[in-house]
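Order of writing sets the labels: A, B, C and D. Residues in every chain begin at 1.
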Amino acid sequence: MSLLIILLVLMIIGAIIAIETTNLLSSIVCVGAVGFLISIAFLFLGAPDLAITQLVVEVLCLIILIRATINRDLTSVAGDREFFGLTVTVAMVLVFAIVGVKVFGEFPLLGQPVMDRMADTPSAVYLAQGTEQTGAKNVVTALMLGYRNYDALGQVAILFCSVLGALAILRRPARKEEIEKDQEADAV
Amino acid sequence: MVYALCLVLIAIGLYGVVVKKNIVKIVISMAIIEYGINVLLVLIGYRSGGCAPILKQGMTAATLAANAVDPLPQALVMTAIMINLGMLILMVAICIRLYERYGTFDITEMRRLKG
Amino acid sequence: MDNTLPFFIAIPLAAAFFIPMVSVTLKWVPDLLANAVMAVLAAMAFLTIGQAGICHLGGWGTHLGIDLRLDGLTTLMLITINTIGLAMAIFSVQYMTRYTSKLRYYSIFLCMVAGLNGIVLTGDLFNLYIFMEIVAISSYALVAFGCEHDELEAAFKYAVLGTVASAFVLIGIALLYAMLGTLNMAEMSVKLSAGGMNMPLTFALGLFLCGFGLKAALVPFHAWLPDAHPSAPAPVSAMLSGVVIKTAGIYVLARLIFNVFSVQLVPDLLPILRILGVVSMVVGVLLAIGQWDMKRLFAYHSISQIGYVALGLGLGTPLGITGALFHMLNHSVFKSLLFLNAGAVEYATGSRDLKHLGGLGKTMPVTANTSLVASMSIAGIPPFNGFWSKFIIVLACIESDHPWLALAAVLVSLITLASFLKVQKYAFWDIGKPVTAMAHEVPIFMRVAMLLLAVFCVVLALLVLTGLRTPYLVTPAVDALSTWAGTVSGHWMGI
Amino acid sequence: MIDSTQKEGMDLVAKSVTGWLKGFIFLFGVYLVLHSHETPGGGFAGGIIIACAFILFTLAEGQRAGMKILSKNLAAKLASVGALIFLGAAIAGTCGKGFFCKDFPGAAHAGILSFFEENAISIYDMALALVVSMLLFVAFSIMAAVHVTVKDGKRKMVHRRRE
């Protein structure tokens, strides 16, 4: 338990550095560090599936983010937005934190999942019968691809959509007029 | 306590989204918000001393049901991670294109739209 | 009927996955495929009238798996989404030739339709979140589709605010799961009625209100809409303003407030919704009158009209909900039509700034007349559909003893009329300017799409007659919202 | 003048290490996909690792060599195929009741249906891995190919492969 708290504190420190540092590249590296800490935390929380996925996703995120920022000058745009926005945000974040702490005062204690607290939850059925009903020994896989298959379908659609969107945004030329403009430029 | 730390992580991300000028920093702050939520979800499904919800050799379903952590939040987090990845790809594409158009990552200099 | 429900999601997704494989040389295939898919979906949506049922995906049942549910409100939303989608697909055939990469446009568009259908059909809260993300990501991509300065900037703002909204919703879902142990909305509602409210649940509800309020662009959360909606290509603006803010915002909010939580459990919710509605109504219309960009003006009116819907829902009486849902249907028709008109004007003249336009009534008769119909509808002139739904909302305000709200609704309607008279005058009635003298009427498919929606504007007015309203569309939808699982009789909730 | 073989990709050490590693990474991804039902991992993680193998190769050997192995268009088409397979399996599962690998392993049906029923999870996983790996490779290669150049004081985005 204390290990978890240490990990979370480290994550928070990493997040603060990532947001406050002026150099964009070190900020990205810090986010990567936070991601790897989360991966370790998942491992301790009994979620090896998530640990692996988080790890590889983090690697890929880093590659993409570094690709986006490397070779660009002017990457170290620092500083905050105007004072008014800052005060509003700080107030908002404070309210969020206070209300949240109050909420978690009434929250069930850590380490008591829903199937321990309630009689009839689907999670208990997944654990007790999931391996037998689906034939998968990994209950998380059984859930993702068996019970909640349309979630996985939705993810495929989201990934498909976002990559198509990225292709569409990075295409050139975007409009028919631009083709003509390019041709004119070439002719000159 | 642990939940509150997750909330702090989310709040830091929220602060970054609203206050920072650099659009890549905003994308990073969004990623931090999602991290906080993912950890929160997994914590909700955690059982003290619980094992992973995988049936190992020599284990019966009953022992699994008595010992394993809640698998449902893990499936949700798996989905959430992939959604974040898709979001990140799209946002980075928009950032690159914005850089091409404006020559900067500074959001305060992108002021064509007002109101 | 139950077994056809997954096809509302599967058919557009299959087409979306298939279209990128089509060779670039076969230019007509994506056009044909997208239109055929939307026509089939629209026909299927009309076939669901009067039906109800549950489809358990994979046969796991309500407790374990995900189920799709069909009831009156779902039917209403399905018809709205797929009919407007069909009109947009027809319009896109010629409008989108201005842009390159039509293949990807159709693919992302169909993903969006699949997501919208999924939102209204699913009975599982997390599944709803995923479909909401599909809609959100495809709309960010479509807003940025033109890749110009302001389009990218609007898409970035939209994406940032949309992600924050999604994050709020996801935290809310996590809290609900921790407290109730299930993700199925029907089961949640039963457990909530047994257990009552507590602090985490209230916080979750607040997060939902912020998150979906952001998606619906109710006033304190409206900042992204006037940028994002005008920047997109015209059919996408029409889809965003006409369908997306209602489906991803108001529809989910209504489901959560009336079906999952309930008015009996959280009595403070209705006044909040009413206040949000009235503020959106007034602020939206006041910001709209000063605009000179046609699409931007329409976008501000979207905020204002969403305010009417929220106000009607916030009254909580059957009459108020009737007015709200009826207005939601009407607004999606006439607002889409208005955005298509703006797109047609931009297609013909290359400008949508009202100061540069004028005299288009002579050169573009179809566009001018359909836009007149839509303007009269949105301003609430009697024979058209907008009048009847606003009238019902005003009546409901008076009936439930809120005369001031009724007065506000009438006044906002008058200001709306003024601002649309301005659009008509500057764009279509004034003497021609050099830019507009050369303009020609837009091509045939664009005209067909506009005429289709204009006919709907007139026909939907008939729904106010009790003989038509009771069996079809509106009343079943109201029943779906006003019966609560706590009282067990609701057919959406019938487990 | 640097000659073109040196310009492409990284230096010799990176190239030879990649030459050793890429096969193992690819195989590890395939292993995760095929064994997702009994070990942690699954289609997503496996798919990303497969994508990483391609990405590593492309980074080390340069864009041109990477494109020879797997071009962007082919990857996009394969992703579409994978997505269609996944969708088809999901829809078949909805219509035929209990297709989602229920009643495993003692399915009483004969023939091809029984094969699919027993292996439904694997089919989903493989389709998922195909989609994820190909899509992420496409995403990576488009981001890697795009460069913003400044020409006559005007910024212009160019795709490296186009030249």
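Quick note on the criterion: a residue touches a chain if its C-beta (ideal position, glycine included) is under 8 Å from a C-beta of that chain, and two chains touch if they have at least 3 such contacts.
Note that the structure is predicted; figures quoted are calculated from it, not measured.
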Comparison of A-B and C-D by number of C-beta pairs in contact, larger one: A-B
Mean-CA-position distance for subunit B and subunit A (Å): 3
Between subunit C and subunit D, centroid-to-centroid distance (C-alpha), Å: 36
Where subunit A and subunit D are represented by their mean Cα positions, the distance between them in whole Å: 20
Separation of mean Cα positions, subunit D and subunit B [Å, integer]: 23
Sequence positions of subunit B contacting 2 or more other chains: 10, 14, 44, 52, 54-55, 72, 76, 78-79, 81-83, 85-87, 89-90, 92-97, 99, 101, 103, 107
Of all residues in subunit D, the ones touching two or more other chains: 38-40, 42, 44, 76, 83, 87, 90, 93, 100, 102, 132, 136, 139, 142-143, 146, 148, 157
Sites on subunit C at which at least two other chains make contact: 13, 17, 20, 57-58, 60, 126, 130, 133, 137, 140-141, 144, 147-148, 152, 177-178, 183
Chain contact topology (line, ring, star, complete or other): complete
For the subunit C and subunit A complex, residues of the former touching the latter: 9, 13, 16-17, 20, 57-58, 60, 63-66, 97-101, 104-105, 107-108, 111, 114-115, 118, 122, 124, 126-127, 130-131, 133-134, 137-138, 140-142, 144-148, 152, 175, 177-183, 198-200, 203
Touching residues (chain side subunit B, partner subunit D) in the complex: 52, 54-55, 78, 81-82, 85, 89, 92-93, 96-97, 99-101, 103
Touching residues on subunit B, where the partner in the complex is subunit A: 1-16, 18-22, 24-25, 27-29, 31-32, 35, 38-39, 42-56, 61-62, 64-65, 68-72, 74-79, 81-90, 92-97, 99, 103-108
Touch list for subunit D against partner subunit C, complex: 76-77, 80-81, 83-84, 87, 90-91, 93-95, 97-100, 102
Subunit B contact footprint on subunit D (complex, rising order): 38-40, 42, 44, 132, 136, 139, 142-143, 146, 148, 155-157
